[in-house]
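Listed below are the structures to be examined.
Same chain, two partners: chain A is paired with chain B first, then with chain C.
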Partner chain A sequence: MHSDRAPLTLKIAAAAGLLFMHLPILLIFAYAFTTEDQSFQWPPPGLTLKWFAVTWNRPDVWAALGLSLKVAAISTAMALVLGTFCAAAVSRSRFFGRETVSLMVILPIALPGVVTGIALRSAFSIAEIPFSTWTIVLGHATFCVVVVYNNAVARFRRTSGSLIEASMDLGANSFQTLRHVILPNIATALLVGGMLAFALSFDEVIVTTFTAGQQQTLPIWMLEELVRPRERPVTNVVAMIVVLVTLLPILGAYYLTRGTDQVAGQGK
Partner chain B sequence: MTQVQPAHFTSAGGIGTRLSDILWRHPRLLIALLLLPPALWLGVIYLGSLFALLAQSFFSIDHFTGLVKYEFTLSTYAQLIRPSNFDIILRTVVMAFCVSLTSAVISFPIAYFAARYARGAWRAVFYLGIMMPLWSSYLVKIYAWKLILAKEGILTWALQKLHLEWVLDAFLALPVIGGNSLSVSTAGTFIVFVYVWLPFMILPIQAALERVPPSMLEASGDLGATPAQTFRHVLLPLALPGVVAGSIFTFSLTLGDYIIPQIIGTSRLFIGQAVYQHQGIAGNIPLAAAFAMVPIAIMGLYLWAAKRMGAFDAL
Partner chain C sequence: MSAVTFNDVSRHFGAIKAVDAVSLDIAEGEFFAMLGPSGSGKTTCLRLIAGFERPTAGDIRIFAQPVQDLPPYKRNVNTVFQDYALFPHLNVRDNVAYALMIAGQGRRERYRAAQEALEMVQLAGYDLRKPSELSGGQRQRVALARALVNKPRVLLLDEPLGALDLKLREQMQEELKSLQRQLGITFVFVTHDQGEALSMADRVAVFDHGKIIQTGTPEDIYFRPEVPFVADFVGSSNVLPAALVAQLAGESRPASIRPERLILGAEGRIRARVTGLSFLGLATRVSLDAQGTRLTALLPQDAPRPAPGDEVGVGWNADDLHLMTAGAGA
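Moving on, here comes the complex of A and B:
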């Protein structure tokens, strides 16, 4: 067993790196309680819970949150169907154009978001499709497919084909095999893929600015506040809540895939 | 495992069974059916939009009417090499390069420690420590840096406490990278880019380092190499595909981003902002499309070179 100790400089560099990644996010929590409402003054002159109540009573925040949740739910559902189909086809056999399918799925996140955004926007204007919730969903589902696909493909690879054959030999037809054998086997992979797709959609802003028109998802609302600040303390509170909410799917995905060789979320 | 009862299955005859028999006997049909919805979605809607965009870049805009002229021309691409536009491209590429290099330097110790020394609970700490910033909201991360870099923010405060504010002032006085405060300087844009894309660099480097057998590093030491020599001649070459794979992300993401330089930075444009402005306020879709082709072309070249270096095995 090889178990020497890490050199001190490596320990310090790694710890400093991790601190650099986490301290800025923690700072958000401090600012949510500040009494200062005009500048980003540090240290906060006083602490208050007032801004939580103000945020709670803001209809625009609720409307943006509602739209974000709706878009994320529909996009995730679509990505689950498309991603699982793709993964099933790719893992079942080697066929002509298999590599092309993998490339196609990865392309929407490999290309810069601004390219996807402007491509969809100009396609909408050529086809004269008015902006709606569905135009946002169209963009989101396109790049959410890949996270579902990555998780499902890894699971299909580890699911033995003999299970399916055994089910068929015992007299089950394809649909029964799907229902009783395949789905239980890939369920957690789909759950993880779905949670990550949801988180990806919930947070997306670059493509959304091109496909939303006048509608505001929560990230678009935040972006508006960053570019033209109206009420900074409300932004602080919303930012803190967003941090807390996005932690949940990540912790969930971690606990579900713990102990397996696949690493959830690597495909973002 | 659930107990399967044969009687339950044989009773479900009829059209379901016949359909299922057809699918079982014709696996190609099944694959075709499975691929049809994703192929329609990604192939028709997504690729179709991309090709429509590509086509637009070969049109031009009539400067008198402000309307798009649907005639084939390369004049829109010629506009890209005008000094004002070429500066934007050059600035973005230099930024992407610096961001990738810095991310690699900061990532390496984290990835190396996580891959080689983190065991048990520390493994979980490192895993979540890398995953949580990766999945935290992109805008919240940018906002956090707006708080930090603001003139009245925590960084200035900390430097004042250390009596080091003259360092910051001297730095901000520098041409090109400096500015009024860090939140309106190119240096600020750079810091935020590095911060936001860092996890995308750590993960592939970690994946590459996990495949380096520790015995190889011991062998190098046994043969008389100093740690620095082992790093230079053994570890780094083996980690390089991971670094290149990570740089694909950092490079591509920097080339296409328009929000970070808009919120933290100067008024000097980056490619993403140019695309956004030309399609939005200016209504010059052909020029926006031509600008959008620049990151695609650069990433195409980059991916081709990376593939030759074997970087995809590290993904």
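Moving on, here comes the complex of A and C:
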């Protein structure tokens, strides 16, 4: 017999699963408030807010945060432009090798980060490109483009092609059609793709370690801090910030894509 | 004056001749139908007028102006799309006013024009709805208002009634017809429904395989088909093969005869066996086999009905037999 209520064992399993996934994160948050700064001691001997002030005054945190935001912003912007154009080309026209191009664009996200990282690193050294912010950006753009592309391609596929013809028919040239019809129809898809790309770039570690040279993005800085502890709870404070900065766009993306399943421009 | 002129216009897609050396002449103020099965080139012809397709060869004129090098947005021609193609992000009023917005008219001016266009299609008060909140028939009206708001000289309609149910379709047929008379704009519409073409159009062009087979008034097309394809496609006329006509009328040409003009009885010009009967309401359709030639007769409800398997005589008045030129399928 089918019951609407889940059996007790299933409830326990679900709760255990959730705890397993989220308890470690809560621990990280808890340690941000501990008074013990040499080792992770449980329970915390005392609670304090002073690490927030300490973090605020650490220039290396600001430098890493600044670099991370800059890299994420630039690679997201690049991904928005390249990903949208790619998606438009693949979904709006038929040409030889279209499926191949589509696969090649998506491939980087399936490729292990280590491989992408090594490949980029050797490419940079062969081309004698010195490591800089731009090499990090290039590394991040490889997977950011995919995220934007996937979102845009799905939207293009659901947008009726006759909308563009209708716009031209009513007197709009290509630029006016782009501005008044295409962009409004793909705007939320681009916003979502951009937010996901930003979040992905912001907490990326693997590719960054191969392409960053001496610079530290925030996740790299945290990794270093764990190896050489100094004022340990500062790392936890930063971890909280990273969680918030990446979680907000993803939540935003989730809410924006809800209820857009309806096909745009469909006749019936 | 001619509204639209095609001079040996072709549109080939690789080896496929979608439109093949078509010439036509649509008069100003005419309600012109392009009729044909799918893939016959009628929609491509419409797209050539709108500018979505460029001809591979030939010359297209709209009010004597050559247009083959003009993009769609520079032609004084608007289209009602088969799927309506309403902009999903705009409300009804902004959809209708789109052409005026692009033309740079002020908000107040274009909203007033949109209002008038919506009243014309009996959709006043729907201004602020989104297309997704409208029924199919209402979307169709919005599409019509949007295409007419800029006062085009030619309105193109691509299977305008295809997505509507039967009752709505009949109502829209009449409305389109009266709208066209009232506005005096040239309407060119594409359809695969012969009933629709015959009831609405002043003139019909029948398409097959990228060519126009016959152009004429609905009466011409219906009663005087020139080739067997037209006889068969428009109103499913009976086609008598040339060999049989040679025996009966002494001329070796295929001939057509309307199902309602066949007379069944003991006597007749030819013998046939009844293979089936179906009740249609106003009439009964009788399927016949006359030595391999399949015929259809429509009997009025009060006529005596044969039974399947019966041998009957099939007769007709000599005037009703229409001789055709031998064409494909003869």
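What to note about this one:
Definition applied: the second predicted complex is superposed on the first by the 250 of 268 C-alpha atoms of A that agree within 3 Å, B and C clash if a C-alpha of one lies under 4 Å from a C-alpha of the other, contacts with A are read in each partner's own complex, and residues count from 1 in each chain.
Following the convention adopted for this analysis, contacts are C-beta pairs under 8 Å (C-beta built on N, C-alpha and C of every residue); 3 or more make two chains touch, one makes a residue touch a chain.
Remember, predicted model here, so these are calculated numbers, not experimental data.
By the document's definition of touching, of the two partners only chain B reaches A:40; chain C does not. Of the two partners, chain B and chain C, it is B that touches more residues of chain A.
Contacts of A:185 after superposition on the shared chain: chain C is touched, whereas chain B is not. Judged by the touch definition given at the top, the superposed model places A:235 against chain B, while chain C stays out of reach.
When the two structures are aligned on the shared chain, A:193 is found in touch with neither chain B nor chain C. Of the two partner chains, chain B is the only one touched by A:112; chain C is not.
By the touch criterion defined above, A:223 reaches chain B but does not reach chain C. Contacts of A:243 after superposition: chain B is touched, whereas chain C is not reached. In the superposition on chain A, A:176 makes contact with both chain B and chain C. Once chain A of one complex is fitted onto chain A of the other, the partner contacts of A:162 are limited to chain C, with no touch recorded for chain B. The intersection of chain A residues touching chain B with those touching chain C, taken from the two complexes, comprises 167-168, 170-173, 176, 180, 184, 265-266, 268.
On chain A, the positions that touch chain B within their shared complex are 2-3, 5-7, 10-11, 13-14, 17-18, 20-22, 24-25, 27-28, 31, 39-43, 81-83, 85-86, 88-89, 92-93, 95, 101, 104-105, 107-108, 110-116, 118-123, 126, 138, 141-142, 145, 167-168, 170-176, 180, 184, 196, 199, 203, 205-206, 209-210, 219, 222-223, 226-227, 235, 239, 242-243, 246-247, 249-251, 254, 263, 265-266, 268.
Residues 160, 162-163, 165-173, 176, 180-181, 184-185, 262, 264-268 of chain A are the ones that touch chain C when the two sit in their complex. Only residues 50-52, 71-73, 77-79, 81-89, 98-99, 101-103, 132, 136, 139, 146-147, 150, 163 of chain C touch chain A when the two sit together in their complex. Residues of chain B touching chain A in their complex: 2, 4, 6, 9-10, 12, 16-17, 19-21, 23-24, 27-28, 30-31, 34-35, 37-39, 41-43, 45-50, 52-53, 56, 106-107, 109-110, 112-114, 116-117, 119, 124, 126-148, 150, 152-154, 157, 195, 198-200, 203, 214-215, 218, 227, 252-253, 255-259, 262-263, 271-272, 275-276, 279, 285, 288-289, 292, 295-296, 299.
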